[in-house]
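Take this structure first; my questions come after.
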């Protein structure tokens, strides 16, 4: 197709224009804002699928803004990794915006226009981080989506304000460390372009400045992605934001920060640098602690959304464990970044579904605590069915996506030869079972105060949430199983497995012997 | 010793002062109880980083003999050298980011004050516990 | 306002009204002299941005600071009437439309035959270099408008005490009823 | 750059920064921060980064200070403890 190279830039321009069109359309009618947001993100999703298709079968897109050659101008590079993350993020963004129509009317009736405009800016920032090929540009886009996220988290007022402020202070420290790292790198190499840096850096790997820059990147982005000791902003921010923003935060925003770290460490510093320092081994250990810590803290929570938030800490641990192990698994069949990339999609599906269901309970009856959810399984059968599917995925029951992530991670652990991590994964599966089973039990088996006999005799009226909120939940819930089967059978539908192989080949790590 | 002092401390004084400012800002962000003080600390932190970047771009650092000059097109006499304009361009963007962060956070502070009637962190935490 | 002896109403002079509102003559005169100059300088900075120091962002901020000076000198109620919220929103959007529109036009025109977003694809009847310079100027103007509107509305939002003013109005009403 | 001038101004900047974070009166802290930004702008002009200096003078010393003053006037003026 002619001009497909323009699509990544067009993606951002469209999104930015839509954000401000929402303001203008808001003068005429509030209802336009949802429609504009929905249509824009739909168009963006279609464009990103075209980009993925192009990248997978033709080669990477290399776009020089304003025609300046790369070391001087800003460059947009889209390869398989970017395109994959782009599709995942726009898919969840589309479902969130679909879900948000009724929910936002219910929760923030006065701020509908501002909500959608800021949401569109959030999507702009996320897309920008994903497609850019310039480190400083990445920093700017990280700040754009972070600012939008702060505003969206605070939108409910009350206790959410403090959560947002804590996130703002910590996130700003993270961004400052990131930009300081850029300064260190620039002072040594004199370049900001990723491909150029990758070419300049090899003789400088021993340089203290370069190593310090890498450390700053890791710490700065760890704050943004809520890795274990730096996760303290996450539980409050996730539990007090509106449901779809919680879903985006947990499913996409922290994942995009992980993407930034993967991109920087494998594209800019490359594998040879990472082997010089034990930093990835250290990250794997921290991630292992995060897995256990998040699960244990999740058991202690009474609030459903807070429990899911701590569960996110543990899931980020899975992703970072996979990233940390990716170096130790070279030249073998299963390793590489495959489990990490798989889990980015899987976590987006599962957590998106779970947070949206938690939001549905709040929408319907303002129920926040797990113990309040008695007997809802018969009152809201579809919603609770989707919740159950996502929850058994989180536990890791065979055909689901959670099982696939875990089995690939276990293969990676076996290759790396560290069996303590295997124990961590199994233990965390047990803990997951404990805290999700508690919720499922409350939904289906426990009933109201009146005692079992009366409740069972009484026919329960189904009282479902509106269809527009139900559809995204059901799509995500069923995809939890369908994607699991696709991953397991390695059917090359929608290029799922070829993407993983192509990414691993790109960075020359693990598992690229199987190419369809 | 004297030589080391000249080369490591005196010749790189901008960097040392940038580090001092960054640490002052970081201290204010962590240790101060007042939210507006925290934000001022954040701004100091960012300005310290900007100073670091600008010092990078200022080539011809010396005792006034071989100084770099501005990059505006016409005014370069022969034999002079430019400073590096790239850090300038970066810092322009970073200043935009910093002022938007400041504006968003001040909006938050004002709404926190309306909600909790205080901007001291410890008092906010106490009121939250009561609620 | 009623007179001291209670007969008829008494009209405040301009000076008395100014003092009652907490404003100052000297500040008002200086501000009314300064504001046009500041705005002129801001326009210069925006237009000169492509050639020398300055640019859309700086010019926009200077333009916004002239409105902030107006608020400080004449009070926020009048300023909000002069520059209503809807105007600000419209100007923000207009600036972004200009800014993103230049890029969009470049992409759309060059979709078939040029690989990169480039200003010389702009459909303007001037030479190659001039098109580049004019594209840059358009972008600067767009940025300037947006930054001005955003900064002004931010300042208004930060300085506008909606709750307290409502409360004052309410209290004065209640006080009147009691008496 | 002119080194003695540079050193002097950077020294004053550090002093002002310390004064800013230790002032109990938030209003004076904000004004001190404005002074800090302005001196920083002068330092950058003297390091030949005219654009940044320009921006810092407009943003740091101008608009940021105005924002901070607006925020302080709507919240508490005195820092406790």
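Labels for the chains are A, B, C and D, by order of writing; each one numbers its residues from 1.
Definition applied: a residue touches a chain if its C-beta (ideal position, glycine included) is under 8 Å from a C-beta of that chain, and two chains touch if they have at least 3 such contacts.
Nothing here was measured: the structure is a model prediction, and the numbers come from that model.
Chain pairs A-C and C-D differ in how many C-beta pairs they share in contact, with the greater number at A-C. A separation of 39 Å divides the Cα centre of chain A from that of chain D. Once the centre of each chain is set as its mean CA position, chain C and chain D turn out to be 24 Å apart. Note: centroid distance chain B to chain D, computed from Cα atoms, is 10 Å. Touching of two or more other chains is recorded for residues 53, 55, 57, 154, 158 of chain C.
Under the contact definition stated at the top, the residues of chain D that touch 2 or more other chains are 50-51, 55, 59, 63, 67, 70-71, 74. Taken residue by residue, chain B touches two or more other chains at 72, 87, 92, 103, 106, 109-110, whereas all remaining positions touch fewer. In terms of which chains touch, the assembly is arranged in some other way, matching none of the line, ring, star or all-to-all patterns. Residues 45, 53-55, 57-58, 61-62, 64-65, 68, 151, 154-155, 158-159, 161 of chain C are the ones touching chain D in the complex. Contact residues of chain D toward chain B in the complex are 1-3, 6-7, 10-11, 13-14, 17-18, 20-21, 26, 29-30, 33, 36-37, 40, 43-44, 47-52, 55-56, 59-60, 63-64, 67-68, 70-72, 74-76, 79-81. Those residues of chain C that touch chain A in the complex are listed here as 86, 89-90, 92-93, 96-97, 100-101, 103-104, 107, 110-112, 115-119.
Residue ranges of chain A in contact with chain C, taken from their complex: 2-3, 5-6, 9-10, 13, 16-17, 19-21, 23-24, 26-27, 63-67.
Within the complex formed with chain C, the residues of chain B that make contact are 72-73, 92, 96, 103, 106-107, 110, 114.
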